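There are two complexes below, and they share chain A, which is joined by chain B in the first and by chain C in the second.
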Partner chain A sequence: MMNHSKTKLFMPGNFEEMTSTVKYLEKKGEKFQFIAGGSDVVPRMKDSKKNQGHMVSLKFLKKTSSITIKEDEIHLGSFLSLDQIASDSALKEACPIIGKVASMVGSPQIRNQATLGGNILVDNRCVFFNQSVFNKDFHHNCFKDGGSQCILVKGAKANDAISCRARSVSDLTPALLVLDAKLVVKSIRGERTISAREFFKEDGIAKNNLETDEVLISVIIPRLHKSVHYKKLTVRKTLDFPSLGVALAKNEQGFEVAVCGIFSMPMYFNFVFAGGKSLSSSMEESIKNVTSAAPVFKQDFFPPKYRKEMLGVYIKELFER
Partner chain B sequence: MNTIGSRTIMKGSLEKVTGAAKYTDDIKVKNPLYIKLLRSPHAFAKIVSINLDRVIALEGVKCVVTGADFKNTFGVLPISKDEPALARDVVRYVGEPVVAVAAETIGLAKRALDLIDIKYIEKRAHLNPSHSLRKSEDRIHPELPNRENNLHKHVEQSFGDLENGFENSDTIVSSEFTFPSVTHAFTEPHCTVVEISGDKELKIYSATQVPHYVHRAVSEVLEVPMHKVRVIKPYLGGGFGGKSDPFPHEMVAAKVALLTGRNTKITFSREEVFFSHHGRHPSKIKMKLGVSKDDGLKSLEGNILIDGGAYGSFGVVTSYYNGVLLQGPYNLPNFSFNCDRVYTNKPMCGAMRGHGGVNPRFAMEVLLDEACTNLGVDPCEFRLGHFLKPYSLTPNEFRITSVSVNSGLKKAMAKSKWSEKYGKLPFGKGIGVGCGFFISGSNLPIHWNQMPQSSVRLTIDFDGGVTLYSGASDIGQGSDTMLAMMASEVLGLPMDMIKVVSADTRLCPIDLGSYSSRVTFMAGNAARNAAIRVRKILAKAAYEMLELKAPKEKDANVDIDFFKQGQNPPKYDSPYLGANPKIDDGLTFSDQKISEAQAGESVDYIDVVRRALDFGGALNVQGVYSSPKLGGTFKGAGAGLSPAYSMSVFISEVDVNPSTGAVKVEKVTCFHDCGVALNPLAVEGQLEGSIHMGLGQALMERIEHTEGAVQNASFLNYKIPSAFEMPEIELIYDGEAEVEGPFGAKEVGEGALAPFIPSIANAVYDAVGVRVRQLPMSADVILSALREKEGKK
Partner chain C sequence: MVGKAAGNWRFKDKVLNDLVEVVTLNINSVSYSRAVSSLMTLSHFIREECDLTGTKIGCDRGECGCCSVLVDGKPILACLVLAKFVQDAEITTIEGISVDGQLTPIQESMVENGAIQCGFCTPSMVLNATHLLNTHKAPSKNQIKKCVSGTICRCTGYTKIEKAIEKVVEGRE
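And now, the complex of A and B:
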């Protein structure tokens, strides 16, 4: 375990103070990372030999993080805890799937602490990366941990288009992708809004399009009145990250589906069923498209073959709901 | 009865729930050195050199020890003392302790580990247990004679005429079963705190199930006389067998204290607990069962391979238990098994709840279910006619005393509505049965001696309060409460008047510890016996005060017989009452009063105590328990011998999702024959705990290794069931009184785990028609079995 005694926690009181903290750290050439609930960042810090840098707390966002339900949009502050999202009755009415999925993350303690932003940005996980320092030393460190190999995919190279297959495990993201949510991010340079569908990268290290000094401040969900369903594969009903998560919304032309837990990025698909084909052959074709979108690796309790098979089973089940 | 049979709150409960209870890590000693262990990064390697220059030079590091500092190896069994406190010359598993650093702070000790430079030459690790039976030029334990492979222990036994039994069977079923390694997953990680006195006496606080074994091992390994070592077990956060061996860190903490004259402390991380392991042996079992429709089980043959990991631990016992615990609960006239325990370069396996009996029980119960299917008989109805008879002898000469499993199965069938459900539920829903058999303590001690297996001292002073001193470890199972209940019942006193001092080798008489489900039976009998002895003193004083004549004792020598019963073989066809003296003093001890019914007079307990104290002072007595002389004379006849056996029945109801393979255990009906339930609260806790633990092994638990390294050494990745996975539970525990058990009790801590698991597998078969022959029965396993079945159609 890394000696973190030199790691400092900065607690800016507002966005301006945060920007000056970031400027100060950048000027000094010091590494830093943002921390919100800490349920993802802290365990990673404990399991790292590398200095993860100073912590810049985003707790100031708590004051402005709220649930705003407008006629055409829902605004969710990124510092809302998953429990707040899960238990908000107005949100339940306006967009039930978000609270439902939030209630399926981690455990009650984790949901009290973990934030919406943290869940969307949760680090990709791999059986060889999310390990103790001792275990990582045994296997010799992987690319994601600053090493020179991938233990999971033998022969992978650092300059491969996708060098890391650590899987995306954000439960909320598939639903947000189907709902076509927008992510509002802010930095010293200003604010920008990105479509969730364009936010993620298919690499377990790069993960997404967020710059190191950018903060996700809110999520905007258009009120499209889609009926979205989510199903999650885990060994236990609590605690576990998704071995597979599938969000699906049926429409008149076909269906939209997004998945997490299985590939190195959350993936979104929109299937428009062609006329003249039977529903079952259209479904089979769609499922084949999803399962073959990216390779699945042995980095979970359930073997890859099973998870791929469940992807099809879940899509069918959610489609028929 | 006053206390026995009442729902009695565990002693220490309030302390535990308020956080006041002091576990080993909470023990504060003055200015301790904190110890961290540098562990092997290789599964199998030669240690070429260890350079400690940089770490010794670090300010604040006070002591560094290596394998060279320990001359003697150790092990819980005298026949396999193969484990060094720190690896010497060779490392045998990933995570094996190699160097210990003691420093002024924990942080410093951790940082110091990075400064140790060890050169290894990696060797080809032995990871596959089957390969460990092959000849090897580079053995894990080359010191073991008469073998060319990595075999640790081969055991075999055969009774009756196996072939004849198979010939007379109406169906013969056989299969191969595989089981991964599972671990105890207790809450409290290992911890040891050592306090050293000026004259180099060691007071060792340790999270252990057996202070006595730690006492012995520390004395032997460090070559310190036993009287200079005192071992104390503070509150303990679970053991399940995983804290019954002496451990390297205990040797190291004591050694550093001796070398430095400083107090020491070592606490494991969760990951280190996984390295320490000592969990259930992974195994491969080939089993063949012959069954006759009318005569029941005819022949059983088992070929068993168990993967012991790098060291011996309890392995020799485990090897025998893999076979002998199949001698019940059914009549089984012809029986043969062999078991090979092999070494591999992985963390060692040892004893875990249901020790050695869990995996073979799965195989046997699944095969019996299959045989019943072949014969077209109801598996519950079939079992009913073929259980062991009370007061009988099994082919391997286990003495069977009380048996309630026949009526227990009937009750479980009625409660679960078995007959309305079996074979009649819709596809995807199923019901299955499994039965079990377990010891109430081992008849033979690990270290051969003629001492009683348990001694309990009892004192009463002027305040009338009773103090019991027992070496038994309360590891959360409630043995302190059980001991107090014994005295409370005999003396008619409320529980809060009985204090228990336990698990301290200086203050308490020897007890062989908390494992093999022995404590209630053995320490319980000893406590009851102690209470009866003090009652005799009080009865005499009471009669004097009442000015009444005491009745003549019917059998004045029963007390003496009790002492000596270890030398006498009991009769096999009748109850042996010597172990359980009756109370026949003509008095009633109740509500702190002692009364004589005929005269209708009574005296206060406290006055009687004070009378009894006259001239002699505080009352001091000792009660003991020695089990009767049991068993045959063949090799390994002692394995599995017990003064009494528990038997259990599980009927499980499952929902299997045919499109995902996911199994949900919806309801469990359990009958466990623990004789008289002394404390129903504790009995229910043990049974529910067994169900939780069994559910984990059944559906999700397994240790995963990559190249010998434990890859899921955390509670996120090693999956134990959450409350959500727990089924609805119906418990029945009204077995008949066990004549030799204290107030009629038998074990309840372990036996119920094993039969639960096959009852789930058999319910899965009833639900979807697939036989499961491996654990865990995770969704992917069930689905692929379903696919295979569909393919065959």
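And now, the complex of A and C:
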């Protein structure tokens, strides 16, 4: 049995120090996770029955995280706080939707500490997983908690193509998908750029194509001058994760839409209206395609049927804006 | 020390598995050096290690907002931040906002306007309002509503708290 050392928060001062810390932990076979703002990682650490392992701070990214607005694209550092993004006047002018969505996340206090990277990589949520340890004691561990069953989908198996149906709750992701943003990730092996549309996986545990030692360092948004609108369904106007989030951009041939909050990954659709059909029938067909893209489970305050209905309502509403 | 750190914030076996480290924080312009669990949160550091019990812990999951403190002048939730993470920051708790033991204008206004009932959310409300009043000369009603939206109050219905902030703004004009 591996002799694990006591869990610790590592505070590397730069990327080189971080890579050597990661190498050291990997060599020792120790579990670790990265921490930036902490608003997602810390509650998970508290609600987990098992020790989550070491934490490696990404605070060193703060020095290099900034908003750079170029002629053809916008660069956003991943350590920018959501409040910085929401209150930046130059960004408001260049790409208003990003600031607007950032101001809709969590509460004012959370926006002061939560980061852009953290919001994109936020853990998928399920009503059975995001519970206190006290509540979790009343049922067996689910797949996401290292157990052998899914409480939400009876009969689901660990080796199913999609083993976990925890839903994606990142508010910023739908907007980034519609804007065709690129994500820059860095590791010991170097840097790579991935399209946000190819970044996510339809699984509540794996979530995305990020390797364990890779860090999201920046987001590149092309300046396409699209008019993107976003609307989210929540019980309260503040604090809540989206029960449904829809970002939509109209174009000459049809519209692009991205959805979060109901499926296990943020979904992106590009609809081109066929000639000869009326707008309303084309819209109905598009909405049907979105709602039938993946099953919706009872893992939120709002019932699945209501959320599916609201998805259609929101698409229509945003299209007419 | 480990026993003390192993309060109710995480399970004992998990905390006992954490490395104990010396963490130095600058809280209300006083330096506190304590040997604590490496993964201890700021809220528990403030309450258990510094005995500054004005900062309240409600849900301990970032939902109620009662543990708000000012870190470099901005309100954040102390239950979501690891103490070691903010070693280089200036932290202000409710104990640190008064000058020479005198109530600040927002504290006085909250007393006068009946904005305090059980008092559990009051430290957070005061700190959030302090930040708003420090950053905005004349905040709008909407900004005041947004300011109190991050803290749950089950007694006042928020109206009196908003009124207390409005009165301070009126007094400035």
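One rule holds for everything that comes next: the second predicted complex is superposed on the first by the 315 of 321 C-alpha atoms of A that agree within 3 Å, B and C clash if a C-alpha of one lies under 4 Å from a C-alpha of the other, contacts with A are read in each partner's own complex, and residues count from 1 in each chain.
Basically, contacts are C-beta pairs under 8 Å (C-beta built on N, C-alpha and C of every residue); 3 or more make two chains touch, one makes a residue touch a chain.
Since the model is a prediction, treat every value here as computed from it, not as a measurement.
A.B. asks: Is A:Lys70 contacted by the first partner chain B, the second partner chain C, both or neither?
C.D. replies: Neither partner.
A.B. asks: Given the touch rule stated above, what does A:Lys23 touch, chain B (first), chain C (second), both, or neither?
C.D. replies: neither
A.B. asks: Thinking of the overlay built on chain A, is A:Lys157 touched by chain B (first), by chain C (second), by both, or by neither?
C.D. replies: In the superposition, A:Lys157 touches no partner, neither chain B nor chain C.
A.B. asks: I'd like to know which partner A:Lys237 touches here: chain B for first, chain C for second, both or neither.
C.D. replies: Once the two structures are laid over each other on A, A:Lys237 reaches both partners.
A.B. asks: After superposition on the shared chain, which partner residues are touched by A:Tyr306: those of chain B (first), chain C (second), both, or neither?
C.D. replies: first
A.B. asks: Of the two partners chain B and chain C, which one touches more residues belonging to chain A?
C.D. replies: C
A.B. asks: Check whether A:Asn135 is in contact with chain B, with chain C, with both or with neither, and answer first, second, both or neither.
C.D. replies: So A:Asn135 only meets chain B here.
A.B. asks: Check chain A for residues that touch chain B in one structure and chain C in the other, and list them.
C.D. replies: 5, 132, 237-239.
A.B. asks: List the residues on chain A that touch chain B in their complex, please.
C.D. replies: On the chain A side, the touching residues are 1, 3, 5, 127, 131-132, 134-135, 137-139, 235-240, 301-303, 305-306, 309-310, 313, 317.
A.B. asks: Within the complex, which stretch of chain B touches chain A?
C.D. replies: For this pair, the touching residues of chain B are 39, 41, 94-95, 107, 110-111, 269, 271, 659-661, 700, 706-707, 709-711, 713-714, 716-717, 719, 721-725, 778-780, 783-784.
A.B. asks: Would you pull the chain A residues touching chain C in the complex into a rising list?
C.D. replies: Touching chain C from chain A are residues 5-9, 11, 35, 37-39, 42-43, 45-47, 49, 51, 55, 57, 59, 83, 106-110, 112-113, 132-133, 237-239.
A.B. asks: Quick check on the complex: what are the chain C residues that touch chain A?
C.D. replies: 9-11, 14, 17-19, 21, 38-39, 41, 60-63, 65, 68, 71, 74-77, 79-82, 84-85, 128, 146-147, 149-151
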